[in-house]
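Naming follows writing order (A, B, C and D), and every chain is counted from residue 1.
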Amino acid sequence: MSKNLDINIHHLTRVEGHGNIVVNMRDGKLERAELEIVEAMRYFEAMLKGRSFHEAAIITSRICGICALGHQMTSLKATEDALGLEISKQTLLLRKLLVNGATLQSNILHVYFLVAPDLLGAPSVFPLIPTHKEVILRALRMKRLANDIGDIVSGRAVHPITPVPGGFTRIPTVGELTGIKRKLIEEGLPDVKETVETIKSLAGVIPNFTRETEYISLKHKDEYALYDGDIYSSDTGAKDVHDYMEMTNEFVVPHSTSKHAKHNRTSYMVGALARWNNNYDQMTELSQAAAKELGLTPKTYNPYFNSVAQVVECAHCIEDSIKIIDQLLADGLKDEKPNQTPTKYGRGVGSTEVPRGILYHEYEYDRRGNIVYANCVIPTGQNLANIDDDMKKLVPEIIEKPKEDIIKHLEMLVRAYDPCISCSVHMLNVEFINED
Amino acid sequence: MSIAISDVKSQELYCPEIAKITAVKRFTEKEKWFDIELPGGRSLGHQPGQFVQVSLFGAGEAPISVTSSPTKKGSFELCIREVGMLTKLLHKLDVGSTVGIRGPYGKGFDVKSFKGKDILIIGGGIGIVPLRSLINYVIDNRKDYGRLIILYGAKNPDELLYPDDLKLWKKSNDIEYHITVDQGTPEWKGNTGVITTLIPGLDLDLPNTITAVVGPPIMYKFVLMSLKTKRIPDENIYLSLERRMKCGVGKCGHCQINHSYVCQDGPVYHYPELKHLQEAI
Amino acid sequence: MTTEAKIKPKVAFFDFTSCEGCQLNKLNLENDLLDILEHIDIVEFREAMDDKAEEYDIAFIEGSISTPSCVERIHDIRRRSKMLIALGACATQGGINAMKNLHPIEEVRETVYGDDKYLFPTLPAMPISAIVKVDYKIDGCPMSMPEFLKVLKSLLAGQEPIKPDSAVCVECKLKENECVFDKGMVCLGPITRGGCDAICPSFGQFCTGCRGLISNPNKNAMLEILTEHGISLDEAKKRILLFNSYDHSQSLPK
Amino acid sequence: MKKYQLNNKQLPSFIDHLKKQGTVFAPHKKGDTSYSFEKVENPNSVVLDYNRTLNSVKKYFLPPREHLLSFSKTDNSFRKGSFKNEKKIFLGVHSYDMKAVLKLDYNFSQGNPEENYLQRRKDSSFIGVSFIPDEFHFSQSVGIPLHDTEGFDIYLEQNSDGYTVKIITEKGEKLIDGFDRVSKAKDISSNHVQFQNKLKYNYNRLPEVFEQSWNAAVWEEVSKKCVGCGTCNLVCPTCYCFDVEDNLDLSLQTGTRDRSWDGCMLNGFAAVAGGENFRETLAERQRHRVHRKFKYISDITGEPWCVGCGRCTAYCTAGISIVEIVNQLCDEYEQNYLNRPAVVGLNAERL
């Protein structure tokens, strides 16, 4: 069967940042199936050079407004690792609460506003407002709830204010925390159950496509790893975060301003589905039930199910947040000041699961507490090669469909990864020249 | 200093009256004239030179001089230059629309004490707005006053306000009326040059002439110099000043010039008073 | 005080080099979002929808100009927009992106791409107003939500919004915050343009200057304040330039 | 004058006694090293031993932000802002802040007496507390003795066991009435703190200095250090300038006319449409600010309008001191107009 196909989707919509999908098929032979990244380079590592440890997280937060909290947390962890700053249990719990909030907010945004229109055949969420008002209001309510966590604990959800190396500049009050807890119980739990229902009713529209790949995420011995853990590969097992470079092996491809990554195979996947496949048994009860309901089984190899895994994580984040708040209140809130007295200088690595997958920051500090070397490896960058590999398998499978359908399948595939293109082009691995 | 608070009768200072626009005329690209009627046709009860706080809900409030004479009954007039947020919206209003009015506020021209005197009016640009109130007052009480001399200057002929009044003043034989523009146009037949060029030629009965000057800040310096050369005594000079104002009732502090609040002690000042205010001119 | 006939203005959102946090921040107006949609017609918003339009009454622009293709695109958008509003520090003043202008970018680029560096052309990061006329700026990183709402309401009511020109300290004092200098930090609030409701100091953190500086800032005095509070002159300058490299890197004392 | 003794541990029950009679406001700890007046919920969190609060009690009579009107464009109607009718008891006010309230009373009742201020201000009782002056206080230098009780209904003077309670007015008598745990004043002499005078001249000589202050060099000098942040205005208990702005809500039909504190040090304060700014430079603005504290109103009332709380100095990030400004004016005055050493007031030794 010979077929020609040319697809060039310029500035893909409903994703963060600028990317194009390019597919060429000549006489039934796939010549190209690529996600081109055309976002302008931002040179973050270069900008970090010479900056004080007080500023590192402020700057890296601006790599991406969507993953701002994740970048901040990762940056703070790398700084604290490098400078030998211990954090308190309270700080740890508050950070975990923030990570839950950010994951919840990002997953809700992605599932309801970016993916749901595909499942409902709409060009955006706006036409759904009159027809699906209840669903939209629920989505907004859940997003508000997630952002409330961010607003109260960190000052604001986008580019959080209070998290600084060694702790927080402001500790939330008991009243604020009990307020969020009440909302989590009264709104969050029922809303997430409704969400599962809604997605279940649309699950039939999710394309049936599988491609097994290597899944990489954090793994923690005691909990579903979001804030902390070791690096874990479904192929090769665990590794210390300081060895992250061995996992990411970045390489340049001509069609992308962002570098690609590979480990054991030609590509690997990070994100909600990778986390689910690696750590599903550590999720809360509610989320395991939700997974069952949605047909998300352990070892799911359909990348479109990444969005389903995100819904399941929403349930986890809500339940886990309630637990964390209980713990904080039981321990009693202390008006702690951030610990900002370095005990050493040198290299440090931080790694966090942000909504789109595993994120690494590595810094080296001089004795004045200024950065001399920085490297950030972003989840979307790590997923790019996997997306290309998926497309290469997918296109021949659906080649008989009308072109619009093929385009829709490809767009949905890329969206399923929830790619954050603006963050992927912060520029990787810059060796500084002109060291002073 | 201790004041028995409970004995002070307090006032609602910030509540406007809702008044109706009964006529609108465009003078120039930037200036429009409005005739405004208070509820029940009640008269505003102002003095020439006083101002009102005009407001539109949602856009704010601004001080605007009353340009009609107190002798006009039933309504009063404003002339508004479009310069910003509020004035832009005011310019969109038509007959039948309403505006909020507070006032009249401030000190106007002390027309009683001018009785029997010659009146020399010097208006530059939009400064003619409050002066027109004085001019019309004098015209309506013509027998109480001596000569009425009007000097009016504008940047160019397109910026001249009150076309009907200008014709009237020109025609009237008991008004000495001189007009000038900084820059003429081919059609312009009158004087060109800044307003001070009109002063030296005046033949004045000095101790008996009251001079009322209103114009942009830069004009005052030069006019005052000319008046000095002309030997007009300071006691015979009155000026009206513009400052930023928010409340109009001597509270918000914006209009302060040294110790003086323009909204209370002005906008019309007796020149000898002004000489003690270093920030004034 | 008349009510104008309701024709919903066509509103579009565009993003250039940025973190897209400002866009996200808009979506974070959950409680007001549906009310806002009563008044406007969103005709283009790449992050959230597929549709595209030809003309816009109001175009909101996020992000800096940093490549030749950005320049082309912003000219095109300007031509098709009645009103163009820069959203957020990247768009209003170059923001954090402009920090790259402080580094020898050409050389850095060469290290990454080698001989292929011309495949990925880059310019110094610039605010939108460096290329086209901007009718209004909403500052902040992320753009300040109260200001966004205020400007939007003003425009919808046919008014010209007024740009605040006093320091962050003003709002900080209105909220009776303890000054972060008294907590041992240094703060850019004294010369940073207010309008954010002093959100950072209100949460115990120093002001980073993300909203740009007030007009006629006394930069020398600010540097003196910073150095008197224990940071070196070099650090002090870096702190001021964090978000203000484009406007102020040339004007700080050497 | 009736006097009682109130021991430290009786304080909470005294506050509870006050709370039964009205809403009580008192200093609380705020942040790391600061204090602020707050409504008392828990008597134990009240701090009476403090240096100064960030804002003075002015904020209760002239709130930092307030609705003057709420309006509807649809039918052109409006309502005035509302004032809560409640009895307010201010506990732990320092003498200079009390004086500042009395000064504001003057500003808001002369000329056009303003309802908004006066309505909020009525039904207030004040319980003063003594304080130990720190490096910034100079109230005594501007004519406010440490234990000045003018304006207070009750005055608490700290002693080794607690406070000597002095009943100043009938209102004060009523406030304490029914609180049976006070004992007769012990004969403990209160801590007599010496207030060091910080102004070079006695305050009643400042008018002659300010007569000659217009062209002083100090304005330019200070303006080199000043960043024009307006903090000095906003924290001052006798500053009362404000801005007014209309705010629409999302219906675009209804909204509020709001006022908020403003300051003469700020860029737009004296600017008018068309670009003219009548006080363009920081030097001109400093001159205006300080003249408002020591000349403009003082020429009429005969009192300095600065109460010596030290806030503008303590909170100025640039370290500009109003005391130093005034002292430099004195120096310049001496050099340029007197050519002889200042006649120093009785206890006005220079700090």
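One rule holds in what follows: contacts are C-beta pairs under 8 Å (C-beta built on N, C-alpha and C of every residue); 3 or more make two chains touch, one makes a residue touch a chain.
What you see is a predicted model; the values in this text were computed from it and never measured.
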>> Per-chain Cα mean versus the mean over all protein Cα atoms: which chain has them closest together?
In response: C
>> How many angstrom lie between the centres of chain A and chain B, each centre taken as the mean Cα position?
In response: 65
> Between chain C and chain D, what is the separation of their C-alpha centroids in Å?
Replying inline: 37
> Can you give the whole-Å distance between the Cα centres of chain B and chain D?
Replying inline: 38
> What whole-number Å value describes the gap between the mean CA coordinates of chain A and chain D?
Replying inline: 52
>> Give me the residue numbers in chain B that touch at least two other chains, ranges are fine.
In response: 18, 57-59, 84, 98
>> Two or more other chains touching the same residue: where does that happen in chain A?
In response: none
> Of all residues in chain D, which are in touch with two or more distinct other chains?
Replying inline: 73, 76, 245, 248, 252
>> Going by the touch definition at the top, which pairs of chains touch each other?
In response: A-C, B-C, B-D, C-D
>> Going by the contact rule set out above, which residues of chain C touch chain D in the complex?
In response: 1, 3, 32, 35-36, 39, 149-150, 153-154, 156-157, 162, 165-167, 169-170, 173-179, 181-183, 187, 189-191, 204, 214-218, 220-222, 224-225, 228-229
>> Could you list, by residue number, the parts of chain D that touch chain C in their complex?
In response: 30-34, 36, 54-55, 59, 64-65, 73-74, 76, 223-231, 234-235, 245, 247-253, 260-261, 263, 266-268, 282, 315, 317-319
>> Touching residues of chain D toward chain B in the complex: what are they?
In response: 68-69, 71-73, 76, 78, 80, 102-103, 105-109, 111-116, 118-119, 121-122, 150-151, 214, 240-246, 248, 252, 255, 257, 259, 262, 264, 269-274, 276, 278-279, 284, 288, 291-292, 295-297, 299-301, 303
> Can you list the chain C residues touching chain B in their complex?
Replying inline: 1-2, 157-162
>> Residue numbers of chain B touching chain C in their complex, please.
In response: 18, 56-59, 84-85, 88-89, 92-94, 97-99
